[in-house]
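Got a structure here, written out as structure tokens. Questions coming.
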């Protein structure tokens, strides 16, 4: 379907934690899940990888379910114009993160959904939700990755302590970070991930099981946030080239939603300069060109 | 169709130039142009207003036609996270504006399309293009508004001289600004504006006249830029609430594109804190809720 | 000597940690130590207070003794133009603090002088040095203040983790912070503090005991850093009004050096908007007006 | 006296305007003027050069004479931590420049002293003052340099228009810039410049003619501003290495004041990375080491 065979450039595997640096950069997988739940896949579509920041879409969905628009007291919804781990904006805006998809924002979201519970309980809630929307109870945390992230937590610890200093986190910083790193360390393969995104394809309904997961308005709003902020300071580039709401992770995965058409998961560990999957982005670009699935055309 | 009658809050008319401050804030107009060119309108849909920054969509289209991707040497395509007239980003990024819709970016675009010609020639080209896509030769510049903007040009002059200092403008600063202010001073009414946006509804084809204006890919990309950057640091908010590519102007107009469905122009002079039409945004929000035209649903 | 009796405004006591918030704001003390070691004092000159950031002068002196100009690999020596706890500059300059007197810089200095040792050992070294230059072995840490700072460490923890993420701290963040907070929690009274500054008055020689503490060049350089950076983003104001190298602490103390003339310690807990002692600054201003001790006159 | 003979590195001549780029970088001059007006000089001490930003000391003195502390409504007195031509700080602080020695601040000062007069009149006033303090009526503007700066004014025009947009300039931008560029284009040699600084050596009195130029307090305050802000973001470095109040210009000149000891002018056109004379700074460093004139020692 796609002509990536000629691609030799593949970007650079994330190396800020050893667990991610070990992944073989030659791998590539893709899966498309159509509204009826049918899966089409190619390549390493059954190899689990660390979904990392893609998990932020799921925790945001949980947060909206728990507190509705109340979550926007904790986090904004504008593109930041800055890299995923920037702290400059936090200082200029009194510790309130610009959106739920930069690291600071995702940390604020996980703090918000903890609601006084222990990390274990919150993590169970997150995992259960992901298993439910993916219709797959085999999905698990990769504890080694989580532990490795905790060990190299300094940049995120800086963000968390900064927000805490402004009274923006209610829970203990290390507990919030522990929960956040586990959330990011969920391991999924392309097929599972594409399936998990299905509820965003059909206005909040998982049409394969005929279950409403969220309201139509909420599904659209989550998609809008993925479009505007899903690729950090590369979000404009992704919208320009791919034209779909999408969320990337440093593990090399991207989840993209074509409303009414399908949920797409791609994975290739090599990253471009902004931290998004190099081949994954190209694959999505080609897919959209061939299918015309861009939300900006018809 | 819309229930704005209960709205008493209307925002504040732009007052940085006297010509805009004089406009009656009670006015409201809306027009929808369907793919076949049929117009539906209500309120003051035939009252001309200053399109201001909405013109940036048209000059970007001209620039892409003249130099294709070459325009991206002059301007980026990422949301800036800053207000429309911010200069901070310019200093941090060597005078290259983040996107073509902030003021600095639009000034860089007009400099790029001048290509050594005099303002008069470039302005004729811009006006001809707007008349062509709107299918209306009565559209004109409001020279009083342009003169008033030139008189109060300091903030934009600062941006232009800054870019010139970095070698990013080829023409005389005052000539570029004169051209820019005239482009912003094009006067159109909602019906004309909705009609002018039609080519972006159907993948670059004006279906009413069966004319291809730009390629499908280009139309989609212009839409993506409107979505990501069309409302400055309120772009995320507009995407969240309205869910359509849109471009606002301080004259109180907004052009929004629902691919495959229609081109919508709203106008109400009162602005919100970020400089976007207060009632116009609400009207679009209601319209999309009723029609389901959000690009993020289906 | 001074006419502060008419002053009713006294600023606001630091309240970011409870231990400092409890101090009675009505207190005021001053001590001047002349080159021969003679002390002149008034008011609450024998009441111990938390020297806080004034300690940064002493740890910088230790660092210069241990590694000479090597310390400038860890920290710069320019005014920052930012508040004491700003993190923006750190992100723009890859985690290297602008100078040793902003919080981030002082944390980098304490990390540098730890040299693989435990906090206890480093703290013993710092305390011994302070006791030596003050010629007073009764000087101690206030462990309650240190514990209170550790409990409310988020802002400083953010700075430390940020630097650690850039590889700029060699030791464990909590150990560095523990050492830093104890250093800041040294309790001294005005007489002890004025005495401790004596070596900076006479080109590095404590003339009262005829001991060279540092070289003449080093003493001058430490004074230059106090002048340029000793009052954060109020350093220009202090130089303008007082005209002496000085270092303030949020405990309300200020140490000022008049080369060849004397070492002055003032203390009054109420702070101005920039976090410097309100009455202390006024007292120094009057003292310099009456004595002509400004380094900018003769 | 100085051992600069071994120096082969000489920095880079300012090349942002052609008139400055033409200067022979091999030249070096120095002059010291003692309180009694006696001049000691070496090298090209009689070759005129463009004093550029050193002129800001003289216009600040004039401004303080005309409006006293009223000038501080127009400009601050804190180090900026930014390069001489940065605009970022202006945006963050509503168009008010941090201090009178960055370009924006000096432009605000010249606007303040114009007081409704034409550039010609203000320039006559500035030149008369400089001739008076230098006791030399032969000092003139270099109109070629001024014209060249006006032609390449974009960066400064950006700063001026920015301030004008915030209502911080009262006069026409081009008139203010014309005055500013002429002020900067005053041509003086080292002997004239050292003589001109004499009133800052002895608390405001020109002891050679026994004339009070400014009050003692004002002389000290001008010196404090030179110390804190005289070398832009290299001010800390200059204070650390030289330890005297000083003001540099991109023409390669530096005026330094040793209170009670002498006024020193050095000139060598090659600049370091921050825009300050490379050899000039080294010469001052050696001079202070040999004479012990640092204000931070005694």
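We just call them A, B, C and D in the order they show up, numbering each chain from 1.
The definition used in the following text is that a contact is a pair of C-beta atoms (placed from the backbone, for glycine too) under 8 Å apart; a residue touches a chain by one contact, two chains touch by 3 or more.
Chain-to-protein mapping (UniProt): A, B, C, D = Glutaminase.
These numbers come from a predicted model, not from an experiment.
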Chain of greatest Cα-centre distance to chain A (Glutaminase): D
Homomeric contact chain C (Glutaminase)-chain D (Glutaminase): same or different residue positions, threshold half: same
Distance between the centres, which are taken as Cα means, of chain C (Glutaminase) and chain A (Glutaminase), whole angstrom: 46
Computed distance of Cα centres, chain D (Glutaminase) from chain C (Glutaminase), in Å: 32
Whole-Å separation of chain centres (CA-atom averages), chain B (Glutaminase) against chain C (Glutaminase): 55
For chain D (Glutaminase), residues contacting two or more additional chains: none
Chains grouped in pairs wherever the two touch, ordered by label: A-B, A-C, B-D, C-D
In the complex, chain C (Glutaminase) residues that touch chain D (Glutaminase): 76-82, 89, 98-99, 201-203, 216-217, 219-221, 223-225, 227-229, 233-237, 239-240, 243, 245, 259-261, 289, 294-298
Contact set on chain A (Glutaminase) toward chain C (Glutaminase) in their complex: 86-88, 90-92, 153-155, 157-162, 164-165, 173
